[in-house]
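The two complexes that follow have chain A in common; it is paired with chain B in the first and with chain C in the second.
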Partner chain A sequence: MINKAVFLYTFLRLAQPTTVIKLVLFVLAIPTALVYPLHQAPDVSVDLEPLISFFASPVMTLVVSFMFVSSSIGNTKSLDDGEYLALLFSRPLHRSTYIFSKWLAGSILVCAVIGLQLIYFIILINMIGRGAQFSMGFTDTINLALNAFGTTALVVMIHAFPAKIGVILFAALFYLSFAAPLMVQLIPNTALFFGVDFRNTVKTACNVLRAFMYSPIDMDVYLSSIKMVWLPAVSFVSNTALYLCIAVVIMNKREFFYTNE
Partner chain B sequence: MLTEPAFIKVENLSKIYGLRKFHALDNINLQINKGEVFGLIGPNGAGKTTLMGCLLGLLKPSTGSVLINGKSVYDMSVKDITGFVPERPHFDAWMIVENFLHYHHMLANQPESKAKEDVAEALADVGLQPEVGKRLIRKLSRGMLQRLGLAQLIVGKPDLCFLDEPTSGMDPLGMALVKDLLVRWKKEGKTVVINSHHLDQVEKVCDRVAFIEGGKIRSIEELTPTLQTKQIFVVRWGHPFPIYETVSEVAQNNMIEFELMEDHGRFWLSSRSIGTKLLQELMAKDVQVEEAMYERKDLVELFKKDPSADKAGSDVRNRRKNGDNAE
Partner chain C sequence: MNKQGSTISTPVWLISIAVILLLARIVVWYMETYQPQEALGINWTEPSKIDLSGREYQSKLVLYYFTAEGSEACRAMNSTSLLNKNVVKLVNEEFLPIKIESKLNDEETEVGKLHRELQQKYMVFTLPVLVATLPDGKEVETQNAYAGVSAKQVLRFLERCQKREGYERGIDYLAHRQYAEAARSFEYWLRLVDNTKRDSTDGALYCALSYYMLNQDKNMHNILESVLRTKQFSSGNRWPKPLAEFMLGELDAEGLIKAADRESNREPRMYYFIAMHELKAGNTLSAIENFKLAQKGTFTSSEVYVLAEGQLNAMNMHQ
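After this line comes the complex of A and B, so read on.
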């Protein structure tokens, strides 16, 4: 399922000087931006707990995944960043193995980058004497890891499509899933389509679409609730599996050879 | 007597690209034996590289099938024994040469304990200094990249090698290196499929060549010494120009194909000794020979002019024979 060479060389790719500089700046920038206002206003009491949720959120893992993982998947265009996939797939390497190896390496990378940010954030918080207001629990760590694996699978799926098609498709569908329900509100409720109020249908379709593309997981909900809530967990696992399956199907369909570029 | 089944078997292979239904390959049938060095030749856009893509399982045939050792090209046991040198050496530019070779050593499922040794050996085999191993791929010249392409094939230790224009962008030393490697692999019993325009080097090691044009195999020839040494002998003469019948008689007596113009004739010879005899006989018939020289043609040209390979070529010569030389 996992190819050691692909897995290890996905990490090695980060060792390029430009990527290292980008990584260092990114790791330093966000915690510094968050802590600086607190340092400027020492008397103001602030609840720091939501910041942890911010670091572990799918939005953050998606941003990191796009910044540091995306160009190493299925990229044949850029000579500097890309891989020679025609050569790679002439080797005994299943395309599914390539996808799973990239996903695992990418997810670990995302966890590591956000983990470094959190460590730096904790150091800064302690330096300004507010360490007591902040604690990171077990569930936060699990949330970070799960969201990293979920969103990296999404990024892998997007980049399994040729060129920028995946990114454009994802952006369009994501926008549509939020914008369409708002737009149908503008249509008078007397407007029927074959006798059916299609506004509800559109809203339901958009909700399903949004749930497919954005399925955050919060372990606090499961651990704190008395009754077990299965649906979000099932949705998260099935979405992640579906992203990877689609990525494998797309990669298997594609022909990586210079005669058809 | 039982004959050994073909190592590579291509049946009714067609490849159609895009919405415009461009037929890159059209009903190709081909068999390549184990241990054979097989050349693919033909003009640009003939379909040679597409055929190689299908043999490698990187392009999906529109119809037909490719079997290697009786298995599908997508079978991992086939990929295990396969090596490929691409025409475009656009290797992962961010990698260091040694890392790149180590990466391909790992991908080819070679033992990790021998990685360092194999990488050093591959660099030496392609004539790259050990210091080059520490350089970034983006810093290499085109010729070096071409050598690196060969090195990544060597680290995989394949039994079946596909080489797409391996001498493209190489200096004469590089071309000689490719030829030496081909000779070595042939001795080692590797099966090699090579697509190259520089066939003056390659033809010496190929057992057979397929001439491809317009997505079809026009002919497959064994590179017998006759075909390899087949040359065009050009004889120029002065006034009075010989009449067609005189030259025709001499050529036919020596079983030579020819093409006659007003002030010169071109003769397709299978050996140089025939050229000497031809000259002697022409002069005996009072033909005023001013100049005689060999016009060395590459294999593609020979295929085009060889009557068995190209009917059109024969038609041209027949037209000349029928008196059009006076034009």
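After this line comes the complex of A and C, so read on.
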């Protein structure tokens, strides 16, 4: 299911000058931005745990996936970062193999980038004398890995679509899932065609839509709960499988030409 | 080449897994949403069933949980953060947990009206929300969970409330002229916080003020010396160091105001400290004037306003 060349090339793409500069700036910028205020106020006590959890959060994995993984998926541009997919798929390489290789490589890449940020964060924290406060728990580490796999699967699905269709579609659906319930709230009851039930239906539909947009996982729920709740874990795994399935189907349907896009 | 062996075929196993997981998700969602839930976890009580003025409730913080029937965000919180064993243990042992659950069609019921009153009192606009208060209803801290909140965040919120409790009780006692109880509460709070950091300074100053009003000069000096030793004051006269110097007698009221002007910081608390000094010296009219200056331009919910109001009320009652 994994093609070694595709897998390795996803990492080698980072060696391009523009990507290296982007990576260095990204790895340095966020920890510096977080630590600088602490350095300016040494006499204020700060709980570092939320900052550490931020690195393992789905927001961070999503941002890293979009910045460093998305441009390597389904990219047919014949520039430095293109992959000549038209040529690639003329070989007996299953497109599903391509998708899975990208997913695995992208997930490891996301973990590596965030790992570098954390290392730099630890160095800075120790330099300002707050190193003793740093501790990254087992659940934060697991959350980082799992969220990296989940968000990379989402990014792979979005970029499996041709051109920018996936990005536009995802952004529109994401916006709608938050905006629609708010817009419907503003309509007076008397103006609703189907009464108050229409408002509730819209809210329910948007909740369902949001549940399929992304479901992050928090292992703390399973390791420290007094009662097992399976829905978050099942939703996470289901979403990941669905994203990969859709990515494979879309990639199978795409046509590639030597002069397209 | 037939579709089965082609490079554009979707693996059957992938489609099967995706479909099975989707079905499993629907089944699990149904079971966890509509099946009857056992009463596990936090021992919530209803606000209508409890009288918080009773002595048995005075030693604990009250934790209000504002939630709503049918809300996805509330359901998510109920099944994750509020089932965490550390959260459950801490809430059951150290807090008085009260659940305010809004239900459909309860607007006209007595319970519904009580719920709405509490929501208005604590300015709850989105759900779910956790609000920690003292037994007299004074808010300590609020945690909004509409966008989701993890068990760790809830634990940190509860721990902050516990730390903050001593400080809030101290302010309450200080406002009601119960200086001995105020000093004890602030001392308790100072033991929990890092007293080398800036955020302990305010509580330390109020603690010192309580000792000052009790004429316990030795305790006051000890507290003020620890304030002056914090890192923020190691270079120059950074505010609120002049307040400590004022209480030690190193600055008079005029000197305090000049020090505040140098830092462009004529904060209301400065007038409050001057007023307390005047009150102790028996200059009631000057004290009243300074208490009113302390209240000017501050929110009625700010602690300086509350402290000044408490003193003004006490003086009105005695006149």
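Odds and ends about this structure:
Going forward, the second predicted complex is superposed on the first by the 248 of 261 C-alpha atoms of A that agree within 3 Å, B and C clash if a C-alpha of one lies under 4 Å from a C-alpha of the other, contacts with A are read in each partner's own complex, and residues count from 1 in each chain.
Here, a contact is a pair of C-beta atoms (placed from the backbone, for glycine too) under 8 Å apart; a residue touches a chain by one contact, two chains touch by 3 or more.
Since this is a predicted model, take the numbers as computed values, not measurements.
Of the two partner chains, chain C is the only one touched by A:231; chain B is not. After overlaying the two complexes on the shared chain, residue contacts for A:245 are found with chain C alone; chain B is out of touch.
In the superposed model, A:221 lies in contact with chain C only, and not with chain B. Of the two partner chains placed by the overlay, only chain C lies in contact with A:41; chain B stays clear of it. Contact with chain B, but none with chain C, is seen for A:12 once the two complexes are overlaid on the shared chain. When both complexes are overlaid on chain A, the residue A:142 reaches neither chain B nor chain C. When the shared chain is aligned, no partner comes close enough to touch A:63: not chain B, not chain C. In the superposed pair of complexes, A:50 makes contact with chain C only, with no contact to chain B.
In the superposed model, A:30 lies in contact with neither chain B nor chain C.
Between chain B and chain C, it is C that contacts the larger number of residues in chain A. Common to the chain B-facing and chain C-facing surfaces of chain A are residues 89, 92-94.
For chain B in complex with chain A, the touching residues are 17, 24, 49-50, 53, 56-60, 76-77, 79-80, 82-84, 86-88, 90-95, 99, 103-104, 106-109, 138, 152, 156, 162. By the touch criterion given at the top, residues 7-11, 14-15, 17-18, 21-22, 24-25, 28-29, 32, 38, 40-41, 72, 79-80, 83-86, 88, 150-153, 156, 193-194, 196-199, 230-232 of chain C touch chain A in their complex. Chain A meets chain C in the complex at residues 41-45, 47, 49-50, 53, 89, 92-96, 207, 218, 220-221, 224-227, 229-232, 234-235, 237-238, 241-242, 244-245, 248-249, 252-253. Of all residues in chain A, those touching chain B in their complex are 3-6, 8-9, 12-13, 16, 79-84, 86-94, 255-260.
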